[in-house]
Each structure stands twice: as structure tokens, then as C-alpha cells.
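Several structures are given next for inspection.
In the two assemblies presented below, subunit A is common to both, partnered first by subunit B and then by subunit C.
Showing the complex of A and B:
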């Protein structure tokens, strides 16, 4: 028997393995494996002053979010997957994240004419108001579609895309209509490639259009309105469609997108039957040394999800960009704006200019000045008839005028940023902001005194000293002054870096103006990190203040905490 | 016997594979993104006549990214004259801030070739987690080095590596401590 086995394996070796080794090696020669990984782990400590005790921590002292993505490429084929683990999720992430598995995998084939993806995919039609799926790790946001995606480029300049599938909802498997089925079609025409006569034109024009539909199998819904129960008939297919253009003439660029959504009663709009509309447009001009940009948008009842019962960030089909400036300094992120999908109208303008070296104002080393203003208001909402109130469930909800500006200010931000190099060794960024923030609208809770709006002034000085070619010291001094909410803050940071590997920092945020004396707390944080090529490890110890983290107008609440944080990222 | 064959087989397949490193980008992924005018651009068109290429993933709202590109901008003319290197600054600003990219780039008078990756398709294809992340490509278009985050002085290591590349030195595993 043993002899037979040996003979068998010998035969395999001679007949099968040797030729196939050559092929396998060729295969490996032609293939590539890449990926990236991130691990965020926190060891939470009780902190009586923040109201964190052993009881609130409930014994779950160590929490961890982590993922590893691996992609394999061979010629025109790519396949990949992402493993995720939340054991348990960090505080501030939805508890439904708890678990581990592979929520994302795909197989892709691509040539110049055709691209097919089976499995999960990320896709954006135009500027995203009809469909955008993406992932944002820091927000715990992932609305990827699992299904089929086909992209065809019949001739250069023309692209057709079709998508079909269901969206990720934490770890919930899809079966028997547990949530909607998303279908979408998009066409994009870049005229300069299509018409040879336009190939060298200074005028560059792109036109596009999309149609998206969501099917959710619920024909009726009982809805409690006051003391009566409404039985509502629901639309099972909800379409969202529209068009866009991008026009570029020399230094000018203008784009706009319009979207129209048919009636879509949902828990976000409190089950009204009004159609939704959205317009997003931007005009910019820039030439060496000067940049101007003007953006505007109108959003009316545009929340579009593949499950009408969900109100949080999950299963968004479309993306409604905020047009306010995204700030990153600690105190400047105290009052960040989040897009109000139910309705808002906003404008934003930015001017950036560079004063040259050796000019009167620029001095010996030059200077950059950037000014930005943005404001977002409510939209006009009038009753649809004499009987129903505005927003009454089961009715059309309200009447509005396109671009009709409502009285309520949701957000306003005026800011000025000066970047100045003083010498080869010294440079600085100085920022001043004035913000108006409607806490009631953005966070759905009022201020302690029952009012809704915070008015805050913020100043930041950020100075870098290059001690040697490899050593530098950076300091930040920040102040936030307001009579509302938690009152005044001051913050400081000192960061020492040794390029290209090490960083050490100490920072503190101090809420010295809190109306409640017991809450006038320091939030110290000590951090150190090491970078080797594309691998980075950082460890920090201290307090994290309560706040809202936002990326692109999508936000996540972070509770106050205290403890050790480890972050590991790597890509290969 | 069976185990031995399997081990041999694995060895035969894996060892040559790993020595030729399947973890190296031999060719950039071909992804459809846009140039700074909003016109279609395929990333397979990232070229520089056989000279080194730097690809830097950044965004208008990312402070260290803007600091890095500002630091390089001060010396970029000299870099290009000396080494012929070309820097592609790939912005991952989404539709919220994509229209701020050109005004910022021009406002700061940067001379890079700027690309727009509005839904992070190229960023995903290059497996970038955090930004800024910098890739260095040799004249054949192979990625020979990558680095994440920015500290003042990182740009000096980068140009050192570019100089080594044009001299034909192997920089696949540079010792980060020995850069001058």
C-alpha cells in the first residue's frame, strides 16, 4: 500500500507538477499582492470627573476596531477582500458593529472596453447626489453595494455604468427583502474626446446623467400620528434621477448637478410624500497666485436610503456634500457642520492668494492668504393646505420655492488663514474663525439654557521651527470664546519630530470658561509615534473630549473618554 | 512523503515568487480619475520619460499634506532641474471640496501635476490608508518606496532617494536612519 502511495505521488510529480511549476511561477511573476491594515485599540480607564466609572465601562476595558484588506492582481483580473473586527467596537461606534468577518470582497475584470465587478464595490455617479458608495474608516461608515457593477467605454469619451445590488448594513445578512435593492445607470460624455474638432479646444465640456431606483417591499405602514393610527400606502420603487455638466474654459471651471427624487416617505422625513430636489453648483477661477471659488447648493427632502426605517448614517444611497470648510484644528472642530438632508440652502466662497517673495506685502519669503465664508439656512416650508400642519405625516408635508431662503440660520463660518514663512527655519499658520452653529438642528439637542445657537470666535497660531534638517518643533496655541454652550476654551500643543521616523507630542485642551465650575477640566494627551516607510505606530495616553468627528459633512459622535490608545497602520 | 512533496511544491512556487516580490508594484493600476480641469485621466498615463516619479496623495483639508507639498514647493524647481523628477499630487477631495483644489494649488503657486480622485478609487487601488502617503517610482514605472505621514525634513530623504535612483542605486530597503 505504502509503495503504491509513493508510486502515485511520484507519478503526480513527473506528469503533473513539473510542467505546472513552471506555469505557477509564471503566474506568480505576473501577479501582485497588495493591501493595507489598521488597528485602533483603546484601554479605557475610569475617570470620575468625566463621569466614567467601572459601572459605565461595564468591564469592557479594552476595545478594538481593526481591518486588513488584501488585493490580488493578475493581468486584467483583480480580486480582494477586507477582514474587519470590532471586539468590541470603540466607544462612539454603533454597538451593532460588534463582531468580525469579511464584509467586503470582490472579483474584477477590466480591459479598455469593459469592466465587470462582482461582489462589493464603491461607485459614484457624477457628484454623488444620486448615488455614491464609499468607506470612511474614521467614521465607521461603509455603504458599499454587494452585487454587480458593469462599466463600458464604447469609444473614448463615452462611459456607461450600471450597478445592481444591496447595501451593507453592519453585519446583517440580506434575505427576503430585509432591505432595499438598489439599481442604477449612469452615462458620461466628455465631448472633447468624442468630437475630434474639439480635441484641442480650450473649452472642455463633460455632460452626464444618472437614474437610480430602490426597491423595498413594504406596501403599507401603520404610523402613529397623535392619537390615531395612519395606515399609509408606501411606494415600493423610489427613483432618483438627474443630470450634470462640467465646463472648463482656461482658468474658469463651472460644474452643476441637479437631482430629483420621487415620493419617498421615510423615518428621516417623518413619512411625508413630497418629491425631493437638489442642486449643487460650483464656479471657480484660478491663475498662478490667485484662486477664487464660489459654491452653492439647495437640498429639499433628499435623504435617500435603501431602508426607509433607518435614520442614522447607514444605507445612504446618495451623498449630499456639505459646502462649509472642513477644519482640522482641535478647537476649530468643536462645532462642525453636518448636511441636513431634510432641507437646507447654502453658499460658500473662498479666496486664496499668494504674495510673491520680495514683494512689498510678501516680504522676503512670500505669504499666502486664504479667506472663506459660508452660510447655510433653512428652506421655506409652507403648509400644503389649510388643514394639515407643515411636515404632517402621510401628507405632502410642505410647499417650498426652489432657492427660497428660510429665516433660520443653521451654520455660518467666516475664517481667515495666513501662511507665512519667516525664514528658512521659521514658519507659521495663523487662523481666525467666527462661527454660528445651530446645535438644535445639527445635533438635535438644545443648549443648557434652552436656546439653540452657539456664536464662537476661534483663534489659532501654529508655528514650526526647523531646528535642524531632521529635527523640528511645532507649537499650536488655540482659543475659543463663546458665551453659550460650554463657554471658553484654550488649547496648546507641542510636537517634536525627528524625520522620517519619530514624533512626540503633548497637548492640552482646557475648558476654563465652563459655566459649571466642576466641569472646568483639562484634557491632557501625551502621544508618541514611529513611522517606518508605510508603517506607522502611535501610542497616546490621556483624555479625549466629547465631540463630533465629521468627514465630508457626515459625522459621528465621540463620547468623552480616558485611557491608552494604540493606532497601527500599514500598507504594502 | 506526501507532506514532503507538498512542502517542496510550496517552496518551488513561493520562493521564486517572493524573491521577485509579488508585493512590488511593477505597474500602476489603471484607474479612471480626472485631471485638474475635470477631464478624464487614466492613471496608466502617469509617466515621465523614463525619469523618477513621485505620487503624493493629499487633500485640501489635510494640514500635514498641505505642509508637505508647501515644503517641497519651495525646492521643487531645483529638484526638477537636478533630477528631472516629476510630482503628481493626487487630491482625494470629494465633491464637497473638489472645486477648492485648483484655487488652492494656484493660490499657493504649486507647480505639480494635480489629479482629482473624487471617490478615492485610485487611493483604494494603491492601498492607501492614511494621507499624506508618498510613492516613489523608478524610470520603469515600478514603485520602489512608499512613505506615510509627514514630518519636516521628510522631503530631504525623498530627494536623496531620487538622487540614488538616477544613479542606479538600489533603494528598495533604505535605512531611514542614515539619510542626511
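Showing the complex of A and C:
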């Protein structure tokens, strides 16, 4: 009922803000409707070897996540909505997603000076350390704001943005401040547009600044610690502000952002009062045949949510940048890194060479070599005084050293990828990775022997044979070797494509090195897909191994499963 | 000039927004005096959904014990082992430690009915606290939720007597529960009688390590009168004394000197708990 009411009020707002719509004689002429849809459905099967029984499936054999988004445009006016259904949500998605309705709708008016959005919106200030709302379907992540957004461009090169609203929390309605009210302001100055004297300069500079505040009504909170109850004072308004610049000189680009969050005791930081700080910087250079990029970040107590009691990925107001490389091959994604909002310091660098055709190393067809290294460590945390322990609730928590590197390695990834075209018909990608993965930090699970870190070597060979212009065959062979966790794996894939419509593939991941003999399992997966214009249907049957899926440093746990999967995507 | 105006405008607006910031000065917290009132106020059930493979659950168990101690004889904990983190290795040997199965039909039913997917989470008297849709909350909310419930006036009085007899190889528990409502009620109420066991030693994930000699307390062994208890609302008055007697055979694996019986009155529809009592089995 609430959801219908929300949509109703959305329509009323539309008509109120844009009364000409209500009296328009022709809403069709000159208008455009676009949209997209996705359906992911799985028919789960019991699989005793994976520990999945009829009891664990609990009768919910078929599960489905689906959405359809429609956007309507007429001149300067745009309106849209997204219908979502989780009936029930696929395993691995939060059960609180269960339900269906329209959690996202908006109306928008835009001209050269002003843009106004009412309803739900996604917004980003700078790189996002102060505010970023977005949706990531594969993670079940949506922190959209419902409220008002205004963008003003008074002159070319200056943009002001203001946002005001509440964030989505599954299907929960907002009433009586059940979660915070988010308000923010951002200013962006592109100096080359503002100052005519800089218009033709090779030096291009953008400056920006943001201020975000979250209001929650509670002034105190009881917290049992030791043998007493502490009554903690709570900040009703938690601010996060900072600035950024982007400097571009020819082939060089340098971006940096700093964010400072004022005291924000929460469930994530166990109710400490230390201010948070975040620094992110990236430097890149690109020229013909060579690309270089360096990134670094220092994060200290920067979880920022519109409900201080929530500890999962929901109601994040800000986004903390990920600097580690996101891999795509099955075994290379076994140990992905999740950003640690409580604190981390990291560095990452990538060098890409393109060796020319007919050169000594490039051979007749040329070759691309990409080397990447990233490492993330803990930050330094020292006691505030001689009495309180590090992280003790109701205190400042700890003292840190700006850019100080802690001893604990959270993640390290050194990888080399070579892409080589052997002939018109043969092409290969060969990858080697060495990863250090602190499972305790990333997944909050220790290893079976009580230790915390996995050291893994991974090799991937990916070869494509273009048999004809329409037919191609691709094969992958992968290996993962580690003495920790579940031991060694080998994986293989064969994929036959009839362009542009059909594909058929068979793959297997085999955990041949699992220390427990009974768990040396094969994870077979048979898939087929058909594409018609912008519509794609894929059906697969087989096993999904347990793991973690991460996008941009935000992760979701994926449980082991077995069954049929249907995926449908389409846009119009 | 125009450019300077806009720049100053943005600086002014940001300055105004800076007032949307509350800076808390030390001391950040004060100590609260806690006094249990078992005579006039409600007795409270804290359900802690937990599992031996859950690394943060020992911290939650400590918090539960702290609250029990702070509100002595007014707060009682039931540790409900169910779900992913309670799944023993004897069924899926992902690690070699966890062989004990603390799950039981009651814990599984409660967990699946309440759709519990993560650990540790808990509820206090199965009522909503800081949420209008979910009775379950993170541990950081337990103190506040308990604090809110213990202030409520007592809605019923309840007493219980237990006895354990051993005949041959059989161990039998006899429980006699008497209760009376203190005000006329609306809706239908059930009496649910459960057995919990204390001082069970076994492996538990504690932070990043496995503690082999962890002591489990308040561990739910099961209900002796159905998953949701037995209806007790035949008369809607404050005079009638309702008496229920139960006899049940106990598992030979349970140690009777560590068993307790917890009885609570709950709304048959909402499952909200009205009152609770705990007594040793013998």
C-alpha cells in the first residue's frame, strides 16, 4: 500500500511541478520511451555433496530477481520508474529484498541553467567519498536517494548541486526518522571554461568541493560494556566534507580528493568518536603504445551511512574507491578484495605496453603486455591514552598517523597479462597472478586451521580460434595453487559461438586439492544463449561454487548451489 | 564580477551547511545506574541467534550475559543455534572442528519462520525496536531494546516448579507452570516451555581463531509443548489462575544438572512475548 502511495505522490508531484503536462494535448508526439529489463531465475536442486537438501531449500525451489525500468522523455522533461521483484530473492541476496513494487521513480526537468529532479535519483560528488548513490544489480545494491535534487549551471564551467532526501533501505517505508535525512551541496569549477584566458591552455584544471550532512533524531544510546551501561551522546547531524582537483596537462592527468568526516559513532566502528579521513589520488599518463597509471588511498574510519545501526552494504552515503584490479576469469575471482571502510592504506600501479607489429618483440601481429600491482595494508592504530584500549566504545577509539602503514597485509595482487594475436584466426590472452588474501579481514572468516591469510598463484590461458567469420571457438585453461583454504583448483572452458546470435559453452572448476577428500568436487556448468537484437536469453545448468563477488570494492557472498539458471536481458 | 559572486555564494552556502554538523565533546558517554525491578516490571526474553562458526557471536553472548547480570532475574537469554553458522561439519566437512550439532527442530523452526539469515542477531521480547518491519537487530541495539522492555509494567505473574526423575535408563522432566494475567488482554496467547542447557564445552570461532574449549550457555535444546507453545487464553480475566503440567523425556546426552526450563507467554499471532520465567530443571 505504501509503495502505491509513493508512486501516487510521485505522479502528483509531476503534475504539480510541471502543470503543462496535465493539459498537454499530445503526450506522444516528439516523445521517446526507452527502457531495459532483466530477469534472473534459478531452479535450485538438492545437491548432497554441496550440503544442499530439501530441508535447506525449504520448498523455495524457484527464485527470481527481476526488474524493468522505463524512461519517458518529452522535450526538457523526463520521467521514469523501475519495477522490481524478488520472489523470493536468489540465494546470496539479502532475504529482506523479498517483495515487489516500484522502489524507484522520478520526474526531471532540465534546461541550460537548471535541472530539477523529484523522486529517486543517483548522484555522485567528485569521486564519491562524500556522496555517491548508485545501483549495482549483481550485488543487490541500491542506495538511491528519494527526495529533491537541484543542479544549477549559472555560467559555463560552474555547476552547483544540492540534494535532500532519504535513502532506500530494501522495501522499508520511511516514517518518524527510521533512518537519516541526507542533505548535500557540491560545487564544481572548471577553470578553463570560467576564465577565457585559460580556454586554449594545455593545462586544464577543475576544482570542486562538497558538504554532506546526515540527520538522525536520536541524541543518546545505551550500550552495555563490561558490567555497566554507557549512555553515549550521539551527534544528530554527522557531516562529511572535502575538496578535490583534477589537473590535466597533455598526456598527464592527476586527480586527488580529500574527505573529512566529523564524529560518527556507529555499529560499524563500534561507537567510537574519532573523526574520519579519506584521501584518494590517481595519476595517469598515456601515449601511443604506453599507458601508466598510479593510484593510492588512505582510509580512516570512513564508513558513512544514513542509519548508524546498519552494518551491511545498505544506506551507504559515500563510496570509498577501489584500487585493486577486478579480474574476470573464474579462478582469478576466487579471492577478490573488498574495501575496508574502517581503515586501510593502499597503492596500485599499472603499466600497459603495446608492442608494434613487425617489431622484435611484437612479431608480425604485435603484442600487448599489461603489468599490475596493488597492495592494501592496515592503518596504524595506537591507544588514545593509557586507560582505554584501541577501539573501545564510548571513546575516541584510537590515534593514527596520516599515511602510516600498518603491519597487517589485507591484500596484494601482482599480475601480468599478455595479449597476442598469432594470426588472423588465432588469438590468445595469457595471465599470471600472485595474490595474498587476508580472508579474516575481507570475509570475516578465518581459515579452517585458524590462520587468516591465503597465498595463491593463478595461471590462465585463453585462446580463441576464429574458424570462420561467423564461427569461433574459445578455450580457457586455468589453475590456482595454494596451500591454504580449499587448496588447489583447475578449471577449463570451451565456448562455441555462432555470431551474432548463438553461444554454447561447457565449463568445469575442479577443487582437486581440497584437504578434505569428500570436498574434492567438480563444478560443471553447461550454458547456451541466444541474442536477438538487444535481447539476450541464456540458460545454464550446473553447480555454482561458494564465493564472494565484488564490484568496485563492494562485495556480496554467493553460496554454493546447483540447478538451472535462466537469464533474460533486453533494452528498448 | 559574476564569477566572483557565484564563487562567494557557494562559499557562503557551504558555511551555512557547516552548521549541519554536531560536534560531541568528551566525555562521550556517562554511566547509567541500572536497577532491575522484578516486582512491578516485565520480565524480558532476549533471543540470541547464533552459531559455532560465527566469529562475532561470542561477543554477542557476552553482551547477553552482561544484560542478564545487569537486570538480574528480569532478563533471560535463549541462544538459538540455527542456520548457516550452526551447520556442523559432520554433514559438510568444510573444516575439521565443528562436529556438534546444536540445532534442533525448535531452533530451525523459529529461525526459518523469522527468516534469520545472519548471525549474530537477536530480538527482545520479539517486539519491534527502532524498526517497523523487523524484530531482529544487531547487537548494538540490544541494550536499548532491553532497556525499553524492562521499564514496561508487568502484564502477568508466572511461577514454575520442575523435577527430574531417572527411572532405569529414562530421564523425565516434570514441569508445572502457573500464571495469571494482570490485565485483561486482547488476542490469543500461548505458553511456550523450552529447555536450555548451560556450560557445554566445544569449539567456537572467536574472532580469527577457533577456541576449542569455548563454553556455550543458554543453549536452546527444544520446546516441550510445541514450537509455539499451547494456547492459554480460555478466560479473558485477571482472576483465573492457569495451570499447566508437562512431562517429557529428556535426551540422555543432556546433563540434567545444567538444564534450565524457560517458560514464556507469547501472543499466538504476533509472537510478541509478554512475560518469561527461568528455573533450573532440578
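The working rule: the second predicted complex is superposed on the first by the 545 of 572 C-alpha atoms of A that agree within 3 Å, B and C clash if a C-alpha of one lies under 4 Å from a C-alpha of the other, contacts with A are read in each partner's own complex, and residues count from 1 in each chain.
Just so it is clear, a contact is a pair of C-beta atoms (placed from the backbone, for glycine too) under 8 Å apart; a residue touches a chain by one contact, two chains touch by 3 or more.
Everything quoted here is computed from the prediction, not taken from an experiment.
K.L.:
Determine, under the contact definition given at the top, whether A:230 touches first (subunit B), second (subunit C), both, or neither.
P.N.:
second
K.L.:
Just subunit B (first), just subunit C (second), both, or neither: which does A:326 touch?
P.N.:
first
K.L.:
Name the contact category of A:71: first (subunit B only), second (subunit C only), both, or neither.
P.N.:
first
K.L.:
Using the superposition on chain A described above, determine whether A:54 touches subunit B (first), subunit C (second), both, or neither.
P.N.:
Neither: A:54 stays clear of subunit B and subunit C.
K.L.:
Of the partners subunit B and subunit C, which touch A:154 in the superposed model: first, second, both, neither?
P.N.:
second
K.L.:
When both complexes are superposed, which of subunit B and subunit C contacts more residues belonging to subunit A?
P.N.:
B
K.L.:
Which residues of subunit C touch subunit A once you look at their complex with the stated criterion?
P.N.:
Checking each residue of subunit C against subunit A gives 2-3, 6-7, 10, 13-14, 17-18, 20-24, 26, 28-32, 34, 55-56, 63, 66-67, 69-70, 84, 87, 91-97, 112, 115, 117, 130-134, 137-138, 140-144, 147, 205, 207-210.
K.L.:
Where on subunit B is subunit A touching in the complex?
P.N.:
Residue positions touching the partner: 1-2, 5, 9, 12-14, 16-17, 20, 22-26, 29-30, 32, 37-40, 60-63, 67, 70, 74, 94-97, 99-100, 102-109, 118-121, 124-130, 133, 145-149, 151-154, 156-157, 176-177, 179-180.
K.L.:
Could you pull out which subunit A residues touch subunit B in their complex?
P.N.:
It is residues 5-6, 9, 12-13, 17, 21, 24-25, 28-29, 31-38, 69, 71, 73, 78, 110, 122-124, 127-128, 132, 134, 137, 157, 159, 190, 192-193, 204, 206, 246, 248, 253, 255, 280, 282, 284-293, 295, 319, 321-323, 325-329, 350-354, 368, 370, 419, 421, 464, 466, 468-472, 474, 497-503, 529, 531-536, 552-553, 569-572 of subunit A that touch subunit B.
K.L.:
Enumerate the contact residues on subunit A facing subunit C in the complex.
P.N.:
Answer in residue numbers: 50-51, 58, 94-96, 154-155, 158, 160, 171-173, 175, 178, 183, 185, 187, 189, 194-195, 209, 211, 213, 215, 221-239, 241, 262-263, 265, 267, 270-271, 273, 309-311, 393-396, 440, 444-446, 448, 450, 452, 516, 518-519, 559.
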